[in-house]
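Look at the two complexes coming up: subunit A is in both, with subunit B in one and subunit C in the other.
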Partner chain A sequence: MYGKGLRPLSIATVAMLALSLSLVFFYAPLDADQGFIQKIFYLHVPLAIVALVGFVVGGVFAIAHLRTNNRKWDAYSYVSIHMSVIFGVAVLITGSIWAKASWGHWWVWDEPTLVSFLIVFLMYATYYPFRYAIEDPERQARYASVFAITAGAFVPLNFMAVRMAQSLVHPRTFGTANGGLPGEMMLVFLCCLATMALLWVTLVKFELTAKSASGQVKRLRRALDAPAPGAASRIAPEVS
Partner chain B sequence: MDALASLLPLGAPALPLDEAGKYVAAAFIVFMVLLVVYVAIMAAKLQRIERELRELAGFAEQRKQEEQRDEVNA
Partner chain C sequence: MTSSRAAFAAILAKDLRSELRTLQSLPAMALFSVTTFVIFRFGLDRTSLSGSLAAGVLWATLLFAAVLGINRLFVAEREEGGFDAIRLAPIDRSVLFSAKAAALVIYLLALELVAVPIFALFFLHDLGGLAPLALVLLLADLGLAATGTLISSMAVNSRARDLLVPLVLLPLVVPLMIAATGATEPLLALGGPGYHRFGTWLMVLGLYDLIFGLVGYAVFDFLLED
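Showing the complex of A and B:
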C-alpha cells in the first residue's frame, strides 16, 4: 500500500538531485561577498527548511492520530520526525563546515540561528528515548503524539523568535529590506528546495513501506504461530 | 581520448577548487554519505524482511506437508 508510486517518485528525486547539483555548480552565479563557499547555501538552507517543516508535519500527523486514534497517523508522525532528525544532522554538519569556511569557527555559541536550531534538534533527539521508555504501545503512541504536537508548535515559535532577534554573523537572506536573493540564485535555490522536499517525501515513503512490510511479516508470523526470530523493535511503531 | 578530455572544460565552467572548494566539497560529500548510509541501512532492513518471509514460507510449506501426512495416516 505504501510502496505504490515509490519507483516514479525515486526516479524523479534522483533526476531532480542531478538537475539541482548541475544548476548549483554550473548555472548559479558566484556570490560577490562569499564567492564559491556560498554554494553550501543551496544545500544547507533547503535541508534546514525541509527539516523544520518536517517536524511541524510530524505534529500535524500526531493531531490526526489523537483525533482518530488510528495508529497509521502515529507511524506517519514517527517517520516524519525520524526523517527530519536525519536531515537535522545534515543541517548541523553542513552548517558547521560553512561556518568554519566563512567565519573561521566550527560553531558560534552567541548566534541565535545556530543555537535555536541546535535546541530544536536536541529536543527531537529526546523523542526516541521518550518513546522507547514506554512499554504499552497504545500509551507510547499517545504520549509520542502529545510530544510531537507540543514540539511541533515550538518550531514556528522558535523560528519567529530567531527572526526577531538581532543576528550577529548569520545572514538573513529572505524578506530583508535589502532585496534578498537575485533572480538566478533564487531560481536555483527554489529548485534545490523542491529537490530536498521531494527527497524527504521519497525517504518517508520508503521508510513507511519498509515498516509496513515488517508489520505484515510479524502479522503473518503470528497467524502461522511461527517462532519469532529475535526481539522486535520497541521504538518504531508497527504499520499494518 | 585526449580530444574528449580537452572538450570537457568547454562544457563545464572551471570550478575554483582552492581553499573554499575543499569546504564546499566536504559539505556535499557529507550529504551524499549520509544519504548512502541511510539507503544502506534500509537495504539491510529489506534483506532481513526478505529472509524472514522466506523462513515463513518454508514454515508454512512444512506445516502443510505435515497436515497432508497426518491426513494420509488417518
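Showing the complex of A and C:
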C-alpha cells in the first residue's frame, strides 16, 4: 500500500533533477567572485536545508508516535532521520569541497554553519547504536521517539550557540533583507531546493515501501511456517 | 500537589541517603577529576593555566567526571526494582525525573566543591574569578542534570548501558560546553577576571536549562511505561 504512486513520484523527481541541473549549468550566471565552483552552492545548501528539515520532521513524527501509540509513526520517524543522515553525509562532503575551493582548506573551524552541522550530524549518528541497544521492540520505538524529540529541540539551540561562539565568515545567503541573491540565482536555487525536497520524499517513500514489503513477506513466511532466509534487521522498525 | 512534593522529597532523600551510605559515585568522581588534572599537567606540560586553556581543562574534566555519576544514576532503580515501585505508586511519574535531576545537581555541586579548589590549587595564580565562576557552574549543572537524567534513564534499560551515556550525552551537551567555557575563559584570564560577554553566555546556559528541563519533564512519562 506504500507503493501506490511511487512510479509517478519517481518520474517527477528524475525530471526535476534534470531540469534543475540544466538550469544550474546553463541558465544560472557565473559568480563574479568565485566563478564556476560557486555552482556547488545549488547542491550543498538545498541538501543541508532538506536534511535539517528532515531531522525536525522526524521529531514531529516521533511526537505523533508518542501521542497515538501507533507504530507506523515510529517507522516514519526512523526513515526520516535515516534519510536525513544520508543527506547529511552528502552535505559534509560538498561543504568540504566548497570550503577547499573557496577558502583553501578542507575543514574550517571558525565557520559556524559547518561546525553546527557536524555536531548535529554526530548527534543523529548516535541514533543507530541507541536504537540497536534496546531489544524490546515496543520500548525501542518509544525510546527512539524520545531521542528524536530531544534531538529535534537540540538542533536550533546548537546552531545558536555555535554561531555565537565564532566569527562570521560563512556567506549569510538569506541574512540580509532582500536575500542578497540576484533574481536568476534565486530562481535556480529555489528550483534546486524543491528538487532536493522531492528527492527526499521519494527516497523516504521507497524505504517505507521496501520495509512494508519485507514485513509482509516475513508475515507470510511465518504463516507458511517457512524459515526466513538470513537474519532480519534488528535496528529498523517494521512497517505493517 | 502536596503528594507529589512529598514524593519528590522522599525519592531525593532516599537517593542522598543511599549515596551517603554506599559512597559509590561521589568518591570515584572526585578521584577521577583529580587524576585527570594530573594527566593534563603532564599532557599539556604546563604548571599553570589561564584563559581558554584553563576553561577547557576544567570543563572537560568536570564533564567526564559527571558522566561517571550519570552512568550510575539509575542502576540501583533497575537492579533493585525501583522502577516497578514508582510505576505502582499513585504518584506523577515526572516526579522521578525531577527528584533524580535534583540528586544529580547535588552530586555535581559536591564534586565541584572538591574539584574546583584542587584545580585552583594546582593551576591558578589568581583566585578572583572563582566567585563568579560559581554561578556558571550552577547553571551548567542544571542543564547537565536535565539531559543527564533523561539519557541515563534510557541507557540503563538498554544492553549497552555504560556505552550509551557518553555516546549520546556528549554531542547533546556541546552547546552547554560552548557557553560554559565561553563564560569561564575571561574569568580565568591572566591578570584578573574579565566579564566579556558574561551575561550573554549565562543567558544561553539558562535557555539550555529551560529547554531541556521542559523536554525532559514532558517526555519522561513515556520512558516508564511498560
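Quick notes on this structure:
Definition applied: the second predicted complex is superposed on the first by the 227 of 240 C-alpha atoms of A that agree within 3 Å, B and C clash if a C-alpha of one lies under 4 Å from a C-alpha of the other, contacts with A are read in each partner's own complex, and residues count from 1 in each chain.
We take it that a contact is a pair of C-beta atoms (placed from the backbone, for glycine too) under 8 Å apart; a residue touches a chain by one contact, two chains touch by 3 or more.
This one's a predicted model, so the numbers in the text were calculated from it and none came from an experiment.
When the two structures are aligned on the shared chain, A:M123 is found in touch with subunit C, with no touch to subunit B. When both complexes are overlaid on chain A, the residue A:L220 reaches subunit B alone and has no touch with subunit C.
In the superposition on chain A, A:P137 contacts neither subunit B nor subunit C. In the overlay built on the shared chain, the residue A:L43 is in contact with subunit B alone; subunit C does not reach it. Contacts of A:A153 after superposition: subunit C is touched, whereas subunit B is not reached.
Of the two partner chains placed by the overlay, neither subunit B nor subunit C lies in contact with A:P29.
Shared-chain residue A:P182: touches no atom of subunit B or subunit C.
By the touch criterion defined above, A:G5 reaches neither subunit B nor subunit C. Those residues of subunit C that touch subunit A in the complex are listed here as 147, 150, 154-155, 157-160, 163-164, 167-168, 171-172, 174-175, 178-179, 182, 200, 204, 207-208, 211-212, 215-216, 219, 222-223, 225-226. Residues 12-13, 15-16, 18-21, 23-24, 26-28, 30-31, 34-35, 38, 42, 45-46, 49, 52-53, 55-56, 59-60, 63 of subunit B touch subunit A in their complex. The residues of subunit A lying in touch with subunit B in their complex are 21, 25-26, 30, 35-37, 39-40, 43-44, 47, 86, 89-90, 93-94, 97-98, 100-101, 199, 203, 206-207, 210, 213-214, 217, 220-221, 224, 226, 229.
Partner subunit C is touched in their complex by these residues of subunit A: 66, 119, 122-123, 126, 129-130, 132-135, 139, 142-143, 145-147, 149-151, 153-154, 157-158, 160-162, 164-165.
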